[in-house]
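Single-structure report; data block below.
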Amino acid sequence: MTQTIIQTSNLYLPTILIPLLPLLGFFINALFGKKLGHTSGWIATAVLFGAFACSLFLFLNLPAGGSETITISNWFYFKNIFVPFAFLIDPLSITMLLVITGIGSLIHLYSLGYMHHDEGFSRFFSYLNLFIFFMLLLVMGNNYLIMFIGWEGVGLCSYLLIGFWFKNQAFNDAAKKAFIMNRIGDLGFIIGMFMMLFYFNSLNFDTVNIGALKLGMGNMTIIYITLFLFVGAMGKSAQLPLYTWLPDAMAGPTPVSALIHAATMVTAGIYMIARSNVLFSLAPHTLDVILIVGTATSLFAAVVGLKQNDIKKVLAYSTVSQLGLMFAALGMGAYESGMFHVVTHAFFKALLFLGAGSVIHAMGGEQDMRNMGGLGKYIKITFATFLIGTVAISGIPPFAGFFSKDEILATAFEHNKVIWGLLSFSSMLTAFYMFRLVYLTFSSSFRGTDEVKHHIHESPATMTMPLIILATCSIIAGFIGLPTILSHTHLFKNYLASVFAQSKLIMPAGHEISHSMEWILVGTAVTLALVSIAFAYQKYVMQKHVPAADEKLKGISKVVANKFYVDEIYNTVFVKPIMLLSDLFLVVVDKLIVDLLVHAIAFITNQIGRALRLLQTGHVGFYMFAMVISMIILLAVQIFVVI
Amino acid sequence: MLTLILLLIPLIASILVLFLKGESVKWFSFFATIIQLIFTFYVYSVFQNKEAAKSLLAINIEWISSPKINFNIALDGMSLLMVFLSNLLMPLIVLAGFNRTQERSHIFYSLVLLMHFALIGVFVSFDGFLYYIFWELALIPIYFISLNWGGVNRSTVTLKFFIYTLAGSLLMLFGFLFLYWNTNLHSLSWFDLTVNHICSCKQGFLFWMFFIAYAIKIPLIPFHTWQPDTYSTAPTQGTMLLSGIMLKMGLYSLLRWLLPIIPNGVAEYTPIAIALCVIGVVYASVIAIMQTDIKKLFAYSSIAHVGLIAAGIFALNMQGIQGGLVQMLAHGINVVGVFYCADIIINRTGNSNINSLGGIRLLAPRFATYFIIIVLGSVALPLTNSFIGEFMLLFGIFEYNSWAAIMAGLTIILGAVYMLRMYQKVMLGDLNENVTVFEDLKWNEELVLATIAILIFVFGIFPKPILELVEPIATEIFKISFVK
Amino acid sequence: MVISQFIFYTLAAFTLLSSLFVVFSKNPIYSVLWLIVCFFTIAGHFVMLNAQFLAVVHIIVYSGAIMVLFLFTVMLLNLNKETEPHKPTLLKFGAVIAGGALFLIVIAAMRSGMPAPYTAPKMSEVGYVKNIGMKLYKDYTLPFEVASILFLSAMIGSVVLAKKERS
Amino acid sequence: MENTMQAVPQNWYLLLSTFMFCIGVMGVLLRRNAIIILMCIELMLNAVNLLLVSFSSYAGNAEGQVFVFFIMVVAAAEVAVGLALLVSIYRNIASTDIDILSKMKW
């Protein structure tokens, strides 16, 4: 591993360029952003399109099912462990690359319009570029440590971007919370890495996989490793119980929410598990844990989403819910389905966030749905695209969300009926609150002030263009993974097959469910979605129901609207005690016990000095007596006491 | 010979600077330290050439024949790393004082340079007694620096610091004498002591002699109470010296004079030592969370960081030792950075309470950028210098005991908590009424912070030269000190 | 043989007696005079031990210089009568007992830690002026010179100290 | 003379000088007059001198006598300074009683 690998591959240059371009963009923006003015945003967008082009090149040129390791240098080493700076290009990373650079560049484009009037324009783009750089490292690394660089790096960028408007301390709190919650997960990740280092002496994906395969199925070591890795994933992908940062993270500018907190960063946990699929397949108990956590998160977030009135918060909870769904898929060993949902979700959730951004832009910063309504008339493009996104997430065929969601539900049905029921219920709720959002925002009449009403306008082309592109993708993206009842070639599955081949060997292959059963499942899912949409329509369009003000809520709905008081519980259970402990340590232990001991020693010495001082009588005769007697004693000791 | 020159440059400079006055004092000190730094690079290049290094770097002259004390100075990878750290930080520390006015600045800088001399001496001496002399010598200048140029309540705080550390040194002196009389070579040369170990029955007792001395200097819980007060009272350059270089003396000494010399004692008491260190990490981090004084906050964070280093060293494995060395360099750079930032803030606002600061980023964006880079460096974000060290240290502890690693790993979380909280309260938010004017960086401040920021990334991205530099000596120490 | 022993005994007796008189004389003048006697006997011992050079130096320095100084001082300060108040009897006993105890303990120490006694050489020539001179001017030149500086400083010091202070 | 050393064992000198030394110590303890104390110190010094010379002669090593020579030098200097001190003290308090000289306490 020490010797440098001579790069002959034609993929070398594009691979290097993919992360380097955003990094270059970051430096240009960070150093010269102020001077460049709005040009800086265009540069940032341009480098990303460049990176997207490179990713496309890789996609087209990587032989089917092949993978390529591109080593740049040895980063560091100790003992016999070498950590190279190397990239792994295989179908999985290319999928992520395409999503990140593709959606990333669209969101950059969108931000050009969205952030146009902001003072920190160039700063914003430098952060975005930096984020993309780290995200690319995350998905391209050929070992866990490179992944970890990206992992922490995106956390940093998320911190910087959530707290982008740093004058507002609430935003800063949210940013800090996101970073710290992520770090809790990171600790799990690090411990997982240590265990891998300890048992496999390496962090390279393939070496770890080989080592794990030797240990065999259900080995406790692997279970621990995977559990710790999953803790990392929980932090990054906002799963129970570490999800609370994600709704707060909506404090950042909307493109950030779209890019980081919907399409890319939060799916890093799913990517990581998919990447370590061999490990996870060898640890069935961990998979069960993931399944349970994923399902619970999905359901929990969906319930909370029902009562949110902030347009972005609704989307945030829906993201958490969808992430839970993806984890559930992973937990059932259906890695492709999980990844498939990552891709489709990236499209429609980015679309929804950008659409929400467009709404907020039109409303001049207002985010409360209770003050909106009837916007469909004024901002038609936004409305249309937003509707497409909503339909997609609700799982109505033939939109993208339907296919990926259906695949997961089918797997769940085959795996465990209870899980299937819960997940179906959660997607039903999803359809309901998403349409609640649409109806409250776009239909009926405007509820805000007149001042705002005059201000409402359609967003500029830089913002609508990405919306349209993403909407198109949301419609067609599902076709890369048609269910077996429609087509025999599942393009997406085939593309990723090589990545998950080993897992498929380990895991007992589930028997295919019959076509008729699958038709029934599809029918049920669609019916449920339609029913909840109808219910939403009935409640919010026919009855023109508007959610009540927060203080009027009572009973269970108050609990739900306050997110089950999870933040408050965390505050009293973790934050307050730690603060109390901090004071306790300082005042009691440090000042009282330790310092008192130190001072006590000093005090005792002082007092002894005070007492012994009295021996200094000033009488020379006494001194001489003392001297002679001491001499006698010393000599006597020397002679008679044998040492 | 080269080592001797390395040692003498600061000494000569410290004498010469006494004859200057006014601005020339600072410039002279700055150039002296820069020359020293350049010379260090030359020494490094010589060091790379193993053959030439042997004859050029070591000096061994008999100084006192009975008891046998030699003037034995040399350089190995570990010493060179520490010398490099000192010489790297010294120009920054001197430069940091350029826009401050001190009374009797020629004495101040003379003391700073004398301190530099003593620190280099500690790192290059290979004779126990010589090492002890330099160790104590280092205490004298910093005592006067804090006593004469310190903040409120300085005489009490400085006295506490002085006596505390002196008490530790006394134990160490006793340990050395004990070693001298109880090994059959009757020599305190490092090369003799590492080969010719004292009977393992006496090592347990000796371990505590040395351990307490170093635990006070580092400082480890519960010997740390001198530190927060001293750091917040000493003048900033003094604090930078103390935290950047002087506490590395303790960590360096663990590796140089404790592990290889009394391996059985270390092996016997490692569990206690690691427990102390790990508890210290969590304890200090938790305290730092609620600190409101910015300098004390950094002081506690420093206790947490060095506790981690010490824990990694006591884990007694390669990655722990190597990681400890790498982290010493990283921590030295970062801690100087944070204290300088704190100084800039306190100097401009006259306020060190983080609750009455805020919004500085609005007024001084460049300062804010450097500050966040340094903060991120000290929370060990990947690609910054402390990540690799912290990773290796934690892995070292993990190999020793996984629960200890999880405990120590809490520093990852808690570090982020207190650092970001501090950054948020000081730099972000709207302007506090106490902060109405805040001038952005002056040229010398920018130079210092930019250098530190660059170093943070350079050592984070290219740690290999450092790892290669310390690998041979780390292996050697590991081999000597690993008892099974 | 016998003569040597006889001389030694006589000298030793004189030495001890005179030193006892130094301690117990009431009048300081007598003390000084007894001290002179004592010094002479010691010079005698030196001669017995074949250390002629030292014997001569001893007489010159002690009996010649130091004792004269003492005498001058005693007379200068008018201490020639019995003005000294006595210590309490208890202290006197204490002093004598302490002195005796010290004697016993030193003897005991010498007995317990005694190296093998030197076999008496036939003839010791180390005390001759030539040998001492060689030693002094070859090996101990520097201390010798330093000693002269010490003398000089002592001289200046005593002059300064004894000078009348101008008030 | 040359057979003194055969006739007189060295132990006798040891005994003699110890005795003399102890008399000196006793004198220091007994007397209150500073001048007498100074004299007793001279006695003690002489006891040591005697011992050194005897060792030097018996061992045939000239260094002992060289030391005695230096001790004499120091003793002379000491007496000169000591007496000068006493003179100046006497001028101030008109006494050389050491029990009165007890200002230097605590």
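Here the chain labels run A, B, C and D in written order, and each chain numbers its own residues starting at 1.
One rule holds in what follows: a residue touches a chain if its C-beta (ideal position, glycine included) is under 8 Å from a C-beta of that chain, and two chains touch if they have at least 3 such contacts.
As the structure is a computational prediction, the values presented were derived from the model and not from experiment.
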Which chain's mean C-alpha position is the greatest distance from subunit A's? C
With contacts defined as at the top, give the pair, A-C or A-B, that has more of them. A-B
Take the average of all CA coordinates in subunit A, do the same for subunit C, and state the distance between these two points in whole angstrom. 95
Counting only Cα atoms for the centres, state how far subunit B is from subunit D in Å. 56
Measuring centre to centre with CA averages, how many angstrom lie between subunit B and subunit C? 60
Return the distance between the CA-based centres of subunit A and subunit B, expressed in whole Å. 37
Find every residue in subunit C that makes contact with two or more other chains and list them. 87, 91, 94-95, 98-99, 102, 106
For subunit A, which residues are shared contacts with two or more other chains? 621, 625, 628
For subunit B, residues contacting two or more additional chains: none
All pairs of touching chains, please: list them by chain label. A-B, A-C, A-D, C-D
Which part of subunit D faces subunit C closely enough to touch in the complex? 1-16, 18-27, 29-33, 35-36, 38-40, 42-43, 46, 49-50, 53-63, 65-66, 68-70, 72-81, 83-88, 90-91, 96-97
Residue numbers on subunit A that touch subunit B, as the complex places them: 74-79, 81, 145, 148-149, 152-153, 156, 159, 163, 166-169, 172-173, 176, 179-180, 183-184, 186-187, 190-191, 194-195, 197-198, 578-579, 581-583, 585-586, 589-590, 594-595, 597-598, 602
Mind pulling up the subunit A residues that touch subunit C in the complex? 621, 625, 628-629, 631-632, 635-636, 638-639
In the complex, go through subunit C and note every residue touching subunit A. 87, 91, 94-95, 98-99, 101-102, 105-106, 108-109, 112-113
Residue positions on subunit C within touch of subunit D in the complex are 1-2, 4-5, 7-8, 12, 15-16, 19-20, 22-23, 28, 31-32, 35, 38-39, 42, 45-51, 53-54, 57-58, 61-62, 65-66, 69-70, 73-74, 76-77, 79, 84-85, 87, 91-92, 94-96, 98-100, 102-103, 106-107, 110, 117-118, 120-127, 131-132, 135-136, 139-140, 143, 147, 150-151, 153-155, 157-159, 161-162, 164-165
